[in-house]
Every structure is written in C-alpha cells, then in structure tokens.
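Heads up: the structure comes next, in structure tokens.
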Amino acid sequence: MTASSVAQTTYVLTLSCPNRPGIVAAISGKLAELDANITEAQQFDDRDSTVFFMRIVFEVAQGRTSMQQLREALAVLGNIFSMDWALHDRSVKPKVLLMVSRFDHCLVDLLYRWRIGELPIEPVGIVSNHPRDVFADLDFYGIPFHHVPVTKETKPAQEARVLDLLASSGAELVILARYMQVLSNEMAASLSGRCINIHHSFLPGFKGARPYHQAFARGVKLIGATAHYVTRDLDEGPIIEQDVERISHAHTPDDLIRKGRDIERRVLARAVRYHIERRTIINGSRTVVFTT
Amino acid sequence: MTASSVAQTTYVLTLSCPNRPGIVAAISGKLAELDANITEAQQFDDRDSTVFFMRIVFEVAQGRTSMQQLREALAVLGNIFSMDWALHDRSVKPKVLLMVSRFDHCLVDLLYRWRIGELPIEPVGIVSNHPRDVFADLDFYGIPFHHVPVTKETKPAQEARVLDLLASSGAELVILARYMQVLSNEMAASLSGRCINIHHSFLPGFKGARPYHQAFARGVKLIGATAHYVTRDLDEGPIIEQDVERISHAHTPDDLIRKGRDIERRVLARAVRYHIERRTIINGSRTVVFTT
Amino acid sequence: MTASSVAQTTYVLTLSCPNRPGIVAAISGKLAELDANITEAQQFDDRDSTVFFMRIVFEVAQGRTSMQQLREALAVLGNIFSMDWALHDRSVKPKVLLMVSRFDHCLVDLLYRWRIGELPIEPVGIVSNHPRDVFADLDFYGIPFHHVPVTKETKPAQEARVLDLLASSGAELVILARYMQVLSNEMAASLSGRCINIHHSFLPGFKGARPYHQAFARGVKLIGATAHYVTRDLDEGPIIEQDVERISHAHTPDDLIRKGRDIERRVLARAVRYHIERRTIINGSRTVVFTT
Amino acid sequence: MTASSVAQTTYVLTLSCPNRPGIVAAISGKLAELDANITEAQQFDDRDSTVFFMRIVFEVAQGRTSMQQLREALAVLGNIFSMDWALHDRSVKPKVLLMVSRFDHCLVDLLYRWRIGELPIEPVGIVSNHPRDVFADLDFYGIPFHHVPVTKETKPAQEARVLDLLASSGAELVILARYMQVLSNEMAASLSGRCINIHHSFLPGFKGARPYHQAFARGVKLIGATAHYVTRDLDEGPIIEQDVERISHAHTPDDLIRKGRDIERRVLARAVRYHIERRTIINGSRTVVFTT
C-alpha cells in the first residue's frame, strides 16, 4: 500500500462470487505474497443475492510479478471461490466504438475529453446512420468514420457489419452516444454488458420516443438522463448513472431538449469513466458502481 | 410599487384567461386607479393553450380602497377578459385539514413549520385512519384530531365524514401528509384542486404501492418525491414540486425509505408554501408555479 | 400577449428606476398604445434600495411601430421615471469577444453552443495570451484569432490593444473563458458591466490562485464555480450564476480540476445566456437575474 | 462475509496508520482466524500524507470470539503497524449531549430522528444557554435539560459545568445544534474530535456572525451549511458534510434563514449519522468520510 521510486504497473481487479467467509483474506494474502501493494479496495456484500463484489487496485514493481503470474494465481483463487473476475492493466487504454445519429453533443463531448487526456480511451471508430457530411464541422482526428445507413430491410446486414467492425477493431466497448436506431434483439443481446447507451429521460419515466415532449406533457419539475448497459429489453438495462436538472412551467420542449443536452453529455461521460476505470459490475438487472 | 409609513393591506391576485393584447395594461391601470401599489408581478403566456396566467401582489393603504371595491373592479375586468381570478388578503391564514396514516414525518414537519411561524396556515383538524395513540408521542397543540378508520365497507361513509369535516371546519385545503388510503374517484373529484398529496417517488416513475422497493428493484441512482394536486386519476394529478437525492447500490430499501423521508417532507412543505402563497395555478394536467 | 400570423419583431426591454407607484401601468399602457404585445414580463422591487427592476419581452407586427418610435416613447417615460433602460431587438445576435489562456474547455463549449445555434451570439474574435498553435486541435470556424502575449512591461499596451479590438469589432461583451491574466484596475474598470468572468471556485470561498488546491487543502465536500461581471475588485464582481458538485476525501486536486471543468463550462454558458437574453441587471454589488 | 442463522454481534473497526504493504492482509487474515466475517470494508490511501485509513464492519457469532479477545488481537496488530484504532459494538447506542440556543430546528429534527429509531443515539442531556420555557412547546421525552446561561464572567465556570456533565453522563459526543455561544479555546480544545458543530454557511465562505446576511450582501446564488468537528479555530475544524440550495435576487435575508433551516438540519443529521456509524476519521484539518 505504498508508492516507491521503482516504476510500478497498476492493475485493477474486479470480481464477484457467492459470499462466504475468507474471500478478502485469501485475496489480500495472495496479493501480498505476490509483492502486490493494494492502493484502493472497495467491496459490496449483496445481502439479497448473497453475492460478493470487489474492486481492488494494486501496484506491482516492474520486473517483479508478471501479469501472467497474477492471472495464474487468480485462476486458482477463482476456482476455489467460484469467482467471476477480470484483471486489467491500467495503462492500457480500452478501445471503444462510438455510434451516433444526427445529434452530436455527446460525441463531441466524449471526443473532447479523450483529446485532452481526461478520458483514457482509444476510439477505434465512429459509426453513424448519417453520412460524414452531417458532421462536416467536426474534426474526427483521424478516427475512422463508417457510414452505416439502416432501413428495415438492411438492418440485419448493417448490424452484422457493426459487429464485424467491433471484432476487427478490437473494441471492447460500444458507446451509443445518442444513436437513435433501435437495436434488434439479437444485436442487443450480442452487445449485452459491453455497450453503454444514453437515454434522454430519467428512467423508468418516459421510456421510448420523444421523452422531453413526454416530460413536458406530464408537467414534471425536473428532467433527467440515464446511462445504462444495453440488454435485450429496450430502456430496461442496468442503470449506471443518472442526473437531473430543474425546469419550470415556462420551459418549452425545446428548452428541455437544450437543457437535456447538458445532462446527457455529463451522465454519459461519467458512465463511460466508471466503466473504463472498472468501477462497474453488473448485478442482475442492476449495477454495482464503486465510485470515489 | 413602494412602501409607506401608513399601514398597508397586502393582497394576492391570481388569474388566468384567454390571451389577448391589453390584459396587463388593463389590470395595472385599474390597480393604479384604485391606489394599489404592485410589489410583485409574474406572468406566463402559454403558447400551446394560448392561456395567459398572472400573479400580482399589491398593497393598499388601510382606509383607502376596500376589498369589496377591489372585487367589484376585478369582476368588471373579469367579464371583459373572461378571466378566472381569485383575490386573497395575505394576512388571512388559510385553514387546512391534515390527513395522515402511520408515518408521521410529513405531519410533524408541517406542524413544526406552522408552530414557529414559517408556514402561515391555520390547521383546523388532523384526520387519520389510525387512532390517536399511534401518535402518542406527538403534541397536536390543540388541533382537533379525528380518528376515521376506513374499511372497504365503511369507505363511502367515512369519506363523507371527511367532506363534512372539511365543510364544517372551513378548511380550503386538504393536505395528504402520507395518507395511505386510496381515495374513491368521487372523493378525489370532489377534492380536485384543493388537495395536495405527497407521493414517495419521482413521478411518473414508480406509481402505486411500495415505490422505494420498486426503485430498489430497478436499480435507479436517484430517488425522489412528488407533491401534486389530487385529481380523479391516482398519481396523475398536476405536479407542484419534485426533488431527488442520490443513492447507490449499497443502499437497501430501508435506506431508501429513510432518505425518502427527508425528500418527502421538504417537497411537501414547499408545495404547501407555494399553494398558500398563491403561487400555483392549475393549467390542465400541469401547473404554473410562480416561484421566486 | 398573443401571436398572430403576421411576422413579428420581438424586443426585450430592461429597466431600473427609483420605485414609485404607476410604473407598470405607465409602461404597459404605453406599449399597448404602440400596438406592442407583451409576451413575458418579470419585475423585482428591491425593498432595501427602493429600486425597481423590470424585463419585458414584447412583439410588434412588422410594418407597425418602428424601433425608433419605441425608443422615442421610452425616452419620454425614462425621463418621467428617472429610468435606466435598454431596448434590444431579439433577432440581432450580440457580438462577443472571447478571451482564453491555455485551458480551452470553456471556449470549446461556448463555440459548440454557438455553432449548433443554441447560443445566439456572434463571436467576432478570440484573444489569447498563448499563440494559435496551443489550440492547434481546434477549428475556430473563421473567427479571427489574436495572439496578445502579456508581460508585466507590455500589459498596458496589450490591454489597450484588446480595448481597440473591442471597439473595432463592435463587440458588446467580453467573455473571459478561463483567461488567467489578472486585468489591471483600469482595464477592469473600463470593461465594467460588459465583461463576464468564470472563476473556478464557489465564491467568496477560495479567491485568488489555484482555488482547487485551496479547496482540497480545506477539505470541503462540494466544489463550485462562479460566473460574475468584472469590476475593479478581482473576484468581487456581481455574481450571475454558481453551481457545485459533490466531492469526497478520495478526490485529489487533479480530480477537482477535472470535475471543475464540467461545472465551469455550464456555469459560464448559463451566465452568458442570461446576459444575451437580457435577463441580468446589475444591482450594486449584486445582480438581478430574471430566470425562467 | 456471510450471514448465518446464529445470532451475530456486529462490530465496526476504524483505523489509521502509516501506509505500508500488508496491512489489509494482516487484518483480514487475523479477523478470519478469529471467526469474524467481514460484511463491509472501505479504505483510503492518502498519497499526500502516506497515511492509510480503513473502516471494517464484521460479524461474530455470539458465543465465539469475545470483544476482549478481539481487542487483544487488534492491540497486537496495532503495535506492529503503529495503528490508531477503535472498535465499537454496533448494538451499543452512543451517548450524546445536545447543546442549543434559541433556534431549535436542528434539535427538534435530531430528536425526531432519534425517537422514530432512525438515529441510533442515546441523548443523555440537553444543554442551553436559554431557560427551559424558551422550549415550552417541546417535549424532551425525559431527557434531562440543563439551563447553563453564559456571560463573559461566568463562561469559564459554565464551560467547566458542561465538561462535568459530559463526564458524568458518559456522553462520547457533543452536538452543537445551533448553539450560538463561542466556545473558549480551552473548551474547544478539550472537545476536539468529539464535538460536531453546524455552521450556517457554506464554509469557508461567510465565517463568523450572521452568515445569511453576509450571503445576501454578497449576492451569492446558492447558500449552504457545514457540519464540522470543533477544533480550537472557530469555523476551521475538519468538515464532515456540506450541502446547498439555490436562491435568487428576490430572496431576502429572512428567506435565506428559512431555507437555511432545511439545509442545516439535514447536513447536521447526516454528519451525526456518519459519526455514530463510525464512518468518519479525522485526517489533519480534513476528514475521511466512508459513505455508502
């Protein structure tokens, strides 16, 4: 748990397993044995499902225990405790595929955060159902752009094309940055757990189309946005992050759309950050999010 | 628009009417003519419905124009502009009837605000479907308590009893301060526009029973409460005020209920304050709320 | 107070004057006489200073009363009531001069809002004490860029150059979008009331340099940002808008800086919007902000 | 880390020590050895001070390891790691002494939360510089009331009396629930770390007297409240919790005071909850607060 002058590699370990005594002791003991220093640790004991969740950040001096050795040791523990686990080297930036329709505020925001080094991702592609000239004012800084128009007839083929792009680019995460095409059940299922969507309402209120118009019609006094993992059920995926802003009777649907842009972009950016920092673990229809 | 050393009576005028030119000029001209000084004025021009809404606070030196004279002048304007209007003397505290079930946090909060002079109301009765000894720890400071137990069979009779209490007490407003009995359609309709309910969710999410358990199951990251006017449709009345607090995966339904108490009591207190300061006007299924 | 099928010109009138009876009646009467339909009106009666403030939005059918005629009528009223007033045609986009140092998040955000039509401004210049290549990644969409480096010796000359740019460009507003040079007293005074600064703390806490490091050292649980008019006293100008976000003990100064970027850009954007929609009136060391 | 059908005793262990490898492994290993099941654990590695902080909640089956045995084992670890630590049985309600002046909203709120079982404390006394009849409307439910008036001359004697009350009552925590007397340096020092104060401003803004009037004069757009541990320096103690609400130009100092009551009571209640749940550890002039 201390820093030293030797260069360190930082790892993030996330895990979940049936709860039983001794998990923390076993893991922290093993990490100590492997000369790993824990710098952050968060855990959650779900009393309902009796599942145990943990996120551990630790450092290993370069030249000591290798990632391969860590994985082997964790595999042993994983078997003992029936553990789902993942180990990430924090210096490796996750590859992401961005999907967008006409409204580009979330895309522009994510690209800005990436460009100034705030968001440690590697964007490997931008997919849109609109052509490149819709984004004529935007510099994509060399990120490949793919125009993938979708009609009822072409949807299966075009979704297959996106999955191909995903595979060929090595992206581990798809971000639906206001991508307004409804995914097929098959596509949604195949992206399950590795795709984050931003919905422009405070779910579960105002599912479906034109949520700001719905919110206006209902006369709510706060509007919101919701970032969630994509699952088969539209707008029903595990929620990662939500936020709201106050509105009044004097705000029109256009005002709500304008204010919503601010909420959407910050909610999506936070959710992406939580994901790539390995702070999120899916827990059935909900999420565990280990924030600071 | 100025204060003077002469004692002043302060009035609040609220109105709505079909929008057309000249309303503000006519009203402000008439008030000037009657020696009334406007100290606050707020208006809202609903472009959808083309209805115009206004709230005016004005002062009249005591001994000058009487309330009767004001009403007569407003009646003339009301006819010209097809205006719904109401005039209140701000020094008269509105009589309210409070209804509560087992959970008393909203009731206790409203009584506290009343007792220290923060909320200028006159509570004329407390109605509960639970007996007085459920509230044994509470001092009701002389406010009459009415035990009105409700079963399926007795509901019509007991609702009639509440309406009688309302009439005989002269209360203009019923506050459902976590009153957990569903009102009959008839009762709801007869209280329409003069009854405020606090619902323990961020509507339209989680209507109906046990909203905190619903919120927990859905895995939302913020919970809320909603104060609304009662109408025939349960949980569909015009919303007056809402607020939220952040929660995490580590919060149990009991934690949500605990945090919810704080949200509910402040949301209800704000809504009641807006109502008795005549800041709210119902606009179809929504409200106009002229906040500061 | 109503819309018609004839093309309308929309005006915003803002005014302040010593409070006395009859102001609203006089203005609304005069506007009615001039065939102007009031669509929004907000007023504030400052009981401390006995100054009256008002903002009125009204429409005039094109071909009817001209701006010149409106100004003449208002000049008469202005004399009668000793009124400071300003009349703006809402279709004319205010010219603004943007000033920035190395951190460009506020600049990028304002340019984005302008580009998509959210913020009706006309940027006429970008001034920085850093050279253009610091912003190599940014497209300025043809807005002239001026590199105005500042040293202790050159400050008077360079400030004069900025004032020249301001005059020659016809800009009515200077926006200090994280411009980190301290203005001289003379410069601050000459920009008084027509320059908005974003300070990266919740004023009056943490004035001066490195506010996020100050906030970290003090151990506050919320950080904020403040947009204010520039006056002679650094960080003491009238506040237009503030906002905050929650932090914890686990956040480093770098985390605060990152979170602060989000707060700063939305606070500055709101303040600029309030200004150009003529919702702000300076009231001594404070502001009146007529929000919706 | 699991619950069983045997009755369990729940303990909360908090600790801080110089950071070095092996702390978590040593503690979790020792707890496993003692048949203690960890149900919650949070840690913080302060990179600045190189101090490590931890909070662990664990269960022990009744009849197994005793508190005495736990303490002995922890004492050994405490020596090895130069650890400050504290062990609390969660079923033991902390005794608290409440101090209040004329404004009783925080006191009433804390007593309500205690009475309904929300706040697991045992109030052992209420101290006020005002006599009992100032609180004539309040039921203190048998909690001893002590009128301790303070003048310049009597302050030393009266502070000694409060310290006596503290000692004789066995209270571990003093809560200044809007107690408006400035403590002497000696008194503040002797209460250091075991006294929570609510200050009615968003510190570090508006220290000292009449903060809402200061806030009004400065024209801020949000007001707040701050709960902090008392230290020798007035208003400079480690902050536990803060919150804010939005205000506008139209709010008077009295409005701020009214809105402030809501902020103060929820901020103080949260801070007290954090303290008694052993979520707070003082870290120099700051706090570590392990929230959920």
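Note that the chains are named A, B, C and D in the order they appear, and that numbering of residues resets to 1 at the start of each chain.
Here is the rule we go by: contacts are C-beta pairs under 8 Å (C-beta built on N, C-alpha and C of every residue); 3 or more make two chains touch, one makes a residue touch a chain.
Composition by chain, UniProt nomenclature: A, B, C, D = Formyltetrahydrofolate deformylase.
Computed from a predicted model, the values in this text were never measured in an experiment.
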item: Length of the shortest touching-chain route, chain A through to chain C; value: 1
item: Remotest chain, chain D as reference, centres from CA atoms; value: C
item: Chain copies touching (chain C, chain D) - same or different residues, decided at half shared; value: same
item: Comparison of B-D and A-B by number of C-beta pairs in contact, larger one; value: A-B
item: CA centroid of chain B to CA centroid of chain D, Å; value: 36
item: Distance from chain B to chain A - Cα centre to Cα centre, in angstrom; value: 42
item: Residues within chain B bordering two or more other chains; value: 47, 248, 250
item: Chain contact topology (line, ring, star, complete or other); value: complete
item: Chain B-touching residues of chain C, taken from the complex the two chains share; value: 1-3, 19-25, 28-29, 31-32, 35, 37-43, 45, 47, 50, 52, 246
item: Contact footprint of chain C on chain D as seen in their complex; value: 44, 47, 202-206, 217-222, 224, 238-244, 248-250, 252, 283, 285-289, 291
item: Interfacial residue positions of chain A with respect to chain C in the complex; value: 105, 108, 112, 115-116, 118, 137, 139, 141, 248, 250-251, 255, 258, 261-262, 266, 292
